[in-house]
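By written order: A, B, C and D. Residues from 1 in each chain.
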Amino acid sequence: MGAMSAKTKAKTQESEHAALGLTDDDVLEMYYYIALARALDDRMWVLQRAGKAMFVISGPGHEGCQVAAMWPMDKKKDWFVPFYRSVAACLVKGMSPADLLLGLFARANDPSSGGRQMPGHYGHPGVKILSTSSPVGTQYPHAAGIAYASTLRKTGEVTMVAIGEGGTSQGDWHEALNFAGVYKLPCLFIVENNEYAISVPLRKQMAVGSVAVRGAGYGMPGVSADGSDVLECYRVAKEAYDRARRGDGPTLIEFRVPRLGSHSSDDQQERYRPKEELERVRQRDPLKTFGAYLQRAGLLTDARKQEIADRIKREIDQATDVADASPEPDPTTGARYVFAERGAADA
Amino acid sequence: MPEVRYIDAINQAHHLAMEHDDSVIVMGEDVGAKGGVFGATMGLLEKFGEWRVIDTPLAESSIAGVAIGMSVNGLRPIAEFQFADFIHPAFNQIVSEAARMRYRSNNAFGCPVVFRAPYGGSHGTALYHSQSIEAFYAHVPGLKVVAPSTPYDAKGMLLAAVQDPDPVLFLEHKRMYRLVRGEVPGGEYTVPIGPAVVRREGTDLSVFAYGWMLHETLQAAETASKEGINAEVVDLRTLAPLDKDTILKSVAKTNRALIVYEDNRFLGYGAEVAALIAEEAFESLDAPVLRLGGPDVPGVPFAKKLEEWFSISQEKILAAIRKLAAY
Amino acid sequence: MGAMSAKTKAKTQESEHAALGLTDDDVLEMYYYIALARALDDRMWVLQRAGKAMFVISGPGHEGCQVAAMWPMDKKKDWFVPFYRSVAACLVKGMSPADLLLGLFARANDPSSGGRQMPGHYGHPGVKILSTSSPVGTQYPHAAGIAYASTLRKTGEVTMVAIGEGGTSQGDWHEALNFAGVYKLPCLFIVENNEYAISVPLRKQMAVGSVAVRGAGYGMPGVSADGSDVLECYRVAKEAYDRARRGDGPTLIEFRVPRLGSHSSDDQQERYRPKEELERVRQRDPLKTFGAYLQRAGLLTDARKQEIADRIKREIDQATDVADASPEPDPTTGARYVFAERGAADA
Amino acid sequence: MPEVRYIDAINQAHHLAMEHDDSVIVMGEDVGAKGGVFGATMGLLEKFGEWRVIDTPLAESSIAGVAIGMSVNGLRPIAEFQFADFIHPAFNQIVSEAARMRYRSNNAFGCPVVFRAPYGGSHGTALYHSQSIEAFYAHVPGLKVVAPSTPYDAKGMLLAAVQDPDPVLFLEHKRMYRLVRGEVPGGEYTVPIGPAVVRREGTDLSVFAYGWMLHETLQAAETASKEGINAEVVDLRTLAPLDKDTILKSVAKTNRALIVYEDNRFLGYGAEVAALIAEEAFESLDAPVLRLGGPDVPGVPFAKKLEEWFSISQEKILAAIRKLAAY
């Protein structure tokens, strides 16, 4: 992208995104990733309903803020500690659609777990995405620890960790922010607030409207951005990223996002969310809002849109075939990797 | 008596307990509007309202800790952990606080809390939605641990747990929720916490199990009987405090013992049962005490073939029965 | 006290404490409790050094805010969930010096634990003080649970819970405040900030100077008061108490107090605290500062002071004799009360 | 070789590990300026500075969780829990995360963290400063658990633990810190995690112990020998993974087994050792496998007489040895 960015910089002086230092190619690529994540997401649900996968959990509605927050990151150098909704973030960080589908199908070469974990438990050593577990909240202290190591080892790495607003109620969330605040760690603490923890609404999760207010209690800035405003999400993320790079410490970022789907393939949100509300949140779909911005900016012509859609379809079809053709784990490997196989005493 | 599913028996117990005692409240993640991810608390919110059916924040340590506080001030909370795998953040509150409150205060305070936890592997539940946690908690004095295997016991023991003056960890193997059916009286009744029960009389060997494993074991015993092996099957039901007598009586009769459990084998619950038999039934043993437990790996892997490799199937139980009988 | 209060109300119109609605008898009794707690504290350390007790942990420097915070409480009706520094608070709530010394000596009739727990683990069902354990932080969710029960059962009880600033780093602290905020529980969350967690200084415990700022993150007021200013401590506690009684929810209160002694009899603070600092904190001793106020107010003459000192000495001597004469626990009782003795099925 | 105390051996290992590997860091409550409440980390802050010797906030779950994060990013943390009793808030991080990271990621990530925990009852340590926690953690696949009983092993096994690519729970019975002395080489050396060791050769019966109980057992065995009972004493040292061979070899020789542990008896660590022997050494057993464990009450009571009632003394061990020999 680097080359292209330079090439097209000139003609985007006036636009909103240019004011933020984003080229036309940047924003178009951001749109591509949002659309890719959404299409992959749809595909995963289709495959699950078709019986090709036992379970799906994904992030429809969360893609905009995820792509925006990942954009300033150094994909090779920085760390990402995801959660199950981080489909778009993992794609931008460097996982391929096939990587994610290999997890969905639980195949031997699933880079996240070799088919050992449920779908949605992302991880990839090659692109510095830490392995995810299911217990909500445990990832926050991990991120603080990774960032501490980066500081002590002077690697210049920045760490980004994501969680939902329900996860902020966990003790680990508090302990991580407190620790990171004391040591001014280069860390972005993301909270993707979709106003529900499965069926539990925000008002039963916390007594405040925005979790960003808690930053002050840890000696760090707390900011909140509308997840449907992708450029605003980028702006706050970039600011936090620069702060971290400068050594000025962590930032707590809340992205207010719509949860467009049910919690997971085991949930039916119609049972606890009013119809009107479901319609209302659909208006906040970042794919629509960002697409509309790019149209206004004259960057996303119908032709261009179709082109991107076709490319995505091709890529996902290919990825599905690749994943589907991959072998299942060999049952004789079930006992492996309880411990490192080179044995105890030698590190 | 009507036949109901295990999950229905659990749900009935909740309704009855709350109807008959205003001090009973239910708390946990998604227990309200959603009625619980497995439906155990279905219909409670509508009937008893938000203050007695609490959709808690996503924070297990405080689910336990708040329940403990409620229980010392006149309430009888039933606290649901959405999956047994997610009870771990509450380990300190349950072990250091609930289980010790009465002893440390020399009987001044007690914690009548029921901690419910759906445990065990079902299909595709993988590392973090399949755990057996009984070994961690049955080791803790001051805590009662039960794992009923029939709808009748599930309802009766849950009602007994709610009335118990001390904390009870109530384990429900999630595989049974929709698979296991049985006759259950419509009204209130209790099944005492403590006694184990012989589910199948036998003479050649004794197999001890609980929860879902009890059902796999009964099937295996059935097959074994066709091969002329007459296995006695004991449902432990209450894991702590353990009903030694029923166990020892059975071994005294059959002279052979096998313990079946789904949890990791090493230091799993079966270890205590085996050790008990080895010490107190030594003279009557004609064969080594066998344990059939899950492999010692960190969790049940997701991929179907790996899951099968991990799981304790009827075939594996039957093989163990044959081996023990042949000794 | 009621009668006396009325009697002496007239002549105290002008004074600072009168402005807060406190009678001369109130403030003199508050002084008495602060002095009593301090004297009992000194006695416990003497007894420990003399080999009469294995261990002591107490609250020198914390007495002022404890007495002040307990003063608005309804001693019979309200709940208190203490920690090991709550010597003065437990005395005001209704435990006697003998009750505390029975715990120090681990005697059979120690009301806190019958000699089963280490000294400093207070509890008393008769005066609604919940049993204390050692793990720091666990008491906070208990207080929230007690307060929830009070609300549901409409008992009108208010609950006060105390912890040190180190304890605020625990996940349980966060989870309790979050829960209490959501349900607007009648609870006072006290943090006695003495700037050390054993040897760990405040700057390594949190990135903020005052933990009170965290109240906002839980939708509750957070206030901070100087623990040497006993009347100010009373004022903020009274306000929080009234708020709780009105059903307006919990308050987070930080009291900034000096830790005048070592953490416990197993610690030597000289090893990690500079001499000057130790001298500085001595100036903040609430016994001195409050005594000085009462002298200025013309209430604490030297004669009156001596009188109080003599009374306290008598009471503590008596209490020591009573406790010392009490029998040790019978070893055959060691197995009792693992469970209620009436057995399982009957509640 | 110089004679040093157990605590000195632990302290030496810290200094050497940090000198020889910059990626080794120490973290915990009061490990810095105070040098740890038992002195294990004395002198480290002065030598290695605040960033490698971290006085953490008072929050055990994050002590474990942050250490895990450090360990996946190039550091080798030694995380101290001030007392084993206070490791409970970190249960979820240790069990769900540290122990499972390698397995769940199919070997992509590992957690080389050493979790140190002073455990066990000393005088006046009561319910919350006396706990034995090995049964909880030795049951967890993916976690190594060691409990060295001599200064030599303590230093060598701590250095081995720091070099281990996987998480190790390092248990130090606090009673030994100042009481137990032994010869320790000044330099670096490792004692492998895994093998148990026979501390006393014997022919009449085998006693298995670890940590402080090993010392009480050796004393009891000495007394027993004067009565003509020749007990073999095995120091298990590593509780997970367990060295079965050494155990079975000893029982094959003596035909009698006793396991001594201070933790609550029910489902305590001894249960696994007893179950192992009952299953795999059945033919060589001339007597029931005996277990001597602590009473099943929620903790060690404080009052001296109650503490004595709880504690496993030489006398109690000797009585068990006599009983086993007389069988």
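What to note about this one:
Methods note: a contact is a pair of C-beta atoms (placed from the backbone, for glycine too) under 8 Å apart; a residue touches a chain by one contact, two chains touch by 3 or more.
All figures in this text were calculated on a predicted structure; none of them were measured in a lab.
Relative to subunit B, the most remote chain by averaged C-alpha coordinates is C. Interface comparison, C-D versus A-D: the higher count of C-beta contacts falls to A-D. Look at where the CA atoms of subunit A average out and do the same for subunit C: the two points lie 46 Å apart.
Centre to centre, using the average C-alpha position, subunit C and subunit D are separated by 37 Å.
Inter-chain centre distance (subunit B to subunit D, centres taken as mean C-alpha positions): 30 Å. Rounded to whole angstrom units, the spacing between the C-alpha centres of subunit A and subunit D is 41.
Within subunit B, residues 56-57, 59, 61-62, 85, 88-89, 92, 96, 100, 103-104, 127-128, 141-142, 296-299 each touch two or more of the remaining chains.
Of all residues in subunit A, those that touch two or more other chains are 113, 115-117, 133, 135, 169-172, 175, 178, 182, 204-206, 338. Residue ranges of subunit B in contact with subunit C, taken from their complex: 23, 25, 51-52, 56-57, 59, 61-62, 64-75, 89, 92-93, 96-97, 100-110, 112, 141-142, 144, 160, 163-166, 190, 192-194. If you check the complex, the residues on subunit C that touch subunit D are 54-55, 106-107, 113, 115-118, 133-137, 166-167, 169-172, 197-200, 204-206, 266-267, 271-272, 328-335, 338. Contact residues on subunit D toward subunit B in their complex (touch as defined above): 61, 85, 88-89, 91-92, 95-96, 99-100, 103-104, 127-128, 135-136, 138-142, 240, 242, 264, 266-272, 274-275, 277-280, 282, 285, 287-291, 296-299. If you check the complex, the residues on subunit C that touch subunit A are 169-175, 178, 181-182, 184, 203-208, 211, 213-214, 216-220.
Every residue of subunit B that touches subunit A in the complex is listed here, in rising order: 29-30, 32-34, 37, 55-59, 61-62, 85-86, 88-89, 123-129, 295-299, 301-306, 308-310.
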